[in-house]
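There are two complexes below, and they share subunit A, which is joined by subunit B in the first and by subunit C in the second.
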Partner chain A sequence: MRMDEETTVLVAVGVASILVLATVVYITLQPKPAKEFMEMYVLDSNHGTVDYVRDLEVNEVVRSYVGVRNYMNSAQYMAIYVKISNNTVSAEPCPLPPLVTYERILPKGATWEFPLDIVLTRAEIQGGYTVVKELRVNNMTLRGLGLLAEGGKGYRVVFELWLYDPTSESFKFTGSWGKVWTQFWFNLMVPK
Partner chain B sequence: MLRAQAVKVSLGATFFTALLIRSIPGLSTGVPYNYDSWEALGIVSFTLKAGYLPYIPPHGPNFYSMTILLSALLGVSEVDVFAYAMPLISSSSVLFTFLLARRLTGDSAAAVYSSLFAAVMGVFVHQTGISVPEALGLTYASLALPLLYDVMFSGGVSKTLLLLMSCGAILLTHHLTTFFTLLGLVILSVLVLAGLRRFEPRLLAPVVLTTVAALIVVGWWFLGIPGTTILFFRLIFETTARMPVLSFALASAVVLYFVLIVFQWNRVARPPFDMNMRGLILRGGILSGTAFVIVLYLIEFLVPTVSTYQLGPDYVLFYVVPYLVCVLFPVILGLYFLFDRCRDSFRRAFAVVWCAAPITSSFFLLAASQWLLIGYRSLAFLLLGGFPLVGLGLAELVKAQNVRWRLTQGYAIAYICLLLAYTAFPPPSLLFGHNEAYSRSEVSAAYWAGEFFDRRVVVDSDHRMGVLLRYTTMQRVVLGNETSWLGNVSQAGSVGDVQPTLGYIVVTDSMLVYAVTGDWTTMPKPLPREAVMYLDGSPSLNRVFSSTTVTIYRNLRGAW
Partner chain C sequence: MRLSATFFLLLTLSCLFFPAFSSATSVAGPRELILRAQSSIGMAYAGVVEAEKAGGDVSQLVTDLNGALGTLDSAKRSYDAGDYDSASRYAVEAETQALAVADEARIVRDEASRRAFNLNVLIIISVIACLVALSVFYHLGLRWLADRRLRETMKLRVKEGTTE
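Our next item is the complex of A and B:
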């Protein structure tokens, strides 16, 4: 009789501990939530988040720092697309072509940060719109542009993170890392 | 009775089970689980950096000094201690539960079942699995109860000293556990004094302890810790003092019922002498069923009336059914058997007062106002007091069946344990959108905020992410309440302008998928996608940080 009672107790306790152990092992082997992820940030000229440019004049240098951190399980071949858009475009990713692209292989756990100087070197007012015709990004001059914003207000510099997908042999904007992009806004003051 | 060897093996396996279940959050996320853990971690991290506690926390300093000690002894960071170490300590509560149940029931099989249920039972696992003062407080309480039993019924200097030490530890660890323990002691003292026919010094142990403890507790709360606890209890007492007569009578009836079953068991609740197990099961079933109907009524009609919460059938299945079937039903059976065996009112009183204290407190609070949160917090302590009765009820249920079912019974109990363990850490979909698990990407984003945020401005986030941001930035963070843009937008479902007073807006995927968690009195709602579109499209908001799960916006409007 004593053994009978023991049987139930021991089976209950033993099987429960085995079931729980199996569950814990299963959970532990599962990928942790967002264990693999990418980060991107944009800092102001003082390497902080206080003094972002708001009103900009032609030929004024805007310095910002763009950083990317790789918390994926392996090194990543990545591209940062720099685009300039306005407040009428809201899609992810920004449908405009990149003005500049920075590519790099970033090791696992590494951070890549670089300064980015943007100078709008030529802009005109056409009707009610300001049109940027020429700009310089880190000493690279881009001409023949037509970046417009109503009254020169609501320009935005967009930084998009694209990762290389070996299967399709191309860069992809979305994947297990989500959609990673940053932006800052400015108004352009053009003397009439 | 089980052989000593079988008891040891069972207890070893039970402790192992308890440890495994309590370790699930840490193992699955790699970071501390639950919002309160991050608040406590903030205090510990500050102390490690500064060399002293910023203030004596309202719970008491013991939990914080314990985690600092563990961090030093194990040579790991305080974050790792919070993520992994607490289950090691709190799992010992299942062993203490065994000691209590063994003393109360005199049945080692019942004591093992009690211990096993303490290892797997939903809320109890949750509250002893997360790194908060309550987990440690409940562990000390589970140690103090069997010690008090020994001091009351067999005496002993060493056990008296251990009891005093564990009571002191409860006091210095967690205020609410102290309150429930003290309330249990008060009720026990009243019942002991009412039942005492001659001078028996040992039986007066709870009376002496209550007198001394009450003085020390009140002194400590007034002089030792900041006003939070006193303010809190003053609010409770003021609210209960103003309660309507009918509510007071209803709440008092609960206390009276406990007094009656201790002293007038034969008249009030004892089943007929010829009632067999089937009759008892029927009786237990009817009582549990009645409780189910009452709880269902409260959930479906009362809760939506007095709060913004609405609970669907899945909540009933997840939170109500397990407690009625696996706790209340065996408790009723256990109570019958225990009270039939214990002829003296002192042992009967000892068996029920630890349940009576949180039930009484909850009834008074619920009758007085809408202190639903405190009612919820009572559950872990209530379970601690109820486990011995659960174990006894289950053991008797097992014994009553034919011998050939023993193996099947064992498998069935194990399966029930697994189901109960599943309720310990509820998914956000069954916790009103509260996602207690943090991801490494959220922690990393918070550390980025700690490095680059302007300390002068206010950060807007929700309760969940906000406590993490407070930990890393040490600045003012709005926690998704009425002053929060995110909180207001999620509640209203429509987007308005961001207040200039908010310097940063921190949005997580959890807000979009589950809810913007804010004040506990308001049912959280998810952040509408339009809110993110607004934030992305507003020229006064720079999107300065983006990761897989977190986006941070800098508000350019304002006076800085």
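Our next item is the complex of A and C:
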């Protein structure tokens, strides 16, 4: 069986058309690479965003919920640094050392939420400043602190999300996910 | 031989007479173990990411690695509380858990890579087979059309008519 010239051309054109069509369909059906990012939120004690504590007293429990969602393309080894600062520090990341750190591996697309109880157990007034000497975070007592705020106003609890970089074997604050941090403010009322 | 025996004797005596030195070495132990466990968890995480990128299911690995992180946290808390024995025990346990995850991650990655390779081979073979089948059907179809056209031509009859 011999193909004449016309038939050969037709077969070649047909096969080429099928290949081109298949390639176009394949490329069209491929999902577009989604933008990678991480999300972090802090909710109030009612799991909302309305009742954040504004004015706090010594030994009053502040219950909040911290959540992180992974929109990256792989599982992420992350660390949440909880810091307490005041309104005079605005750098990113906050240059203060973390009071507590929560580490977790978060699968792709997963959310991790946990309750966080903060109690300022000892504070003093020195001059015009309020100084927090001791506090408790989720039943872990931290002593020997010296967290200052003028008149007890403008304290802030900062939550920073750091991701582990296997190349440098360290946690990084900035990267392809941007910079992820959040905070809430409170004033501390200390009886004179 | 005598020299090393003397050195050993001096070392023992120094530990007896300087308790601060001996306690300092025992404190350094758990700290090093904690650092080693941390490093192992980082290494295991890198393995999990590789396995995931290869297309493997890493959900169990992530759960196990979070278990190792929990154990490491216990080690750090024990260390901060001055319970160095517990800190060492937890740190060793965390490292063991992390190394087990790293081993498992390698297996998951290799299996996923093998599956991906097999799938690619299957796709290539299928594509070639489809192309060959299409070419054959296309050619046979053309032949059938040509034969049909020929048969129709053969069926033509001359119709007698009148000319004006």
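Here is the rule we go by: the second predicted complex is superposed on the first by the 158 of 192 C-alpha atoms of A that agree within 3 Å, B and C clash if a C-alpha of one lies under 4 Å from a C-alpha of the other, contacts with A are read in each partner's own complex, and residues count from 1 in each chain.
Criterion: contacts are C-beta pairs under 8 Å (C-beta built on N, C-alpha and C of every residue); 3 or more make two chains touch, one makes a residue touch a chain.
These numbers were taken from a predicted model, which means no experiment stands behind them.
Engineer: Would you sort A:90 into first (subunit B), second (subunit C), both or neither based on which partner it touches?
Structural biologist: In the superposed model, A:90 contacts subunit B only, not subunit C.
Engineer: First (subunit B), second (subunit C), both or neither: which does A:11 touch?
Structural biologist: Touch partners of A:11: subunit B and subunit C.
Engineer: One more residue to check, A:74. First (subunit B), second (subunit C), both or neither?
Structural biologist: In the superposed model, A:74 contacts subunit C only, not subunit B.
Engineer: More subunit A residues touched by subunit B or by subunit C?
Structural biologist: Here the partner covering more residues of subunit A is B.
Engineer: Pick one for A:164: touches subunit B only (first), subunit C only (second), both, or neither.
Structural biologist: The second partner, subunit C, only.
Engineer: Examine A:104 and indicate which partner it touches, taking first as subunit B and second as subunit C; both and neither are also allowed.
Structural biologist: A:104 sits against subunit C, while subunit B stays out of touch.
Engineer: What is the contact status of A:43 with respect to subunit B (first) and subunit C (second): first, second, both, or neither?
Structural biologist: In the superposition, A:43 touches subunit B alone.
Engineer: Using the superposition on A, tell me which residues of subunit A are in contact with subunit B and, in the other complex, with subunit C.
Structural biologist: In subunit A, positions 1, 7, 10-11, 14-15, 19 sit in both the subunit B and subunit C interfaces.
Engineer: For subunit C, which residues count as touching subunit A in their complex?
Structural biologist: Answer in residue numbers: 39, 41-42, 45-46, 48-49, 52-53, 58-59, 62, 65-66, 69, 72-73, 77, 131, 134-135, 138-139, 142-143.
Engineer: Under the touch definition given earlier, write down the residues of subunit A that touch subunit C in their complex.
Structural biologist: Touching subunit C: residues 1, 3, 7, 10-11, 14-15, 18-19, 74-75, 77, 103-105, 107-108, 140, 164, 166, 169 of subunit A.
Engineer: What does subunit A use to touch subunit B in their complex?
Structural biologist: Going through subunit A, the ones touching subunit B are 1-2, 4-17, 19-21, 23-24, 27-28, 30, 32-43, 48-50, 52, 54, 69, 71, 87, 90, 153-154, 156, 161, 176-185, 187.
Engineer: If you look only at subunit B, which of its residues touch subunit A in the complex?
Structural biologist: 1-3, 6, 9-10, 13-14, 16-17, 20-21, 23-24, 27-30, 109, 112-113, 116, 119-120, 395, 398-399, 403, 406-407, 409-411, 413-415, 417-418, 421, 437, 439-442, 444-445, 448, 452-454, 504, 509, 533, 536-537, 539-549, 554, 556, 560
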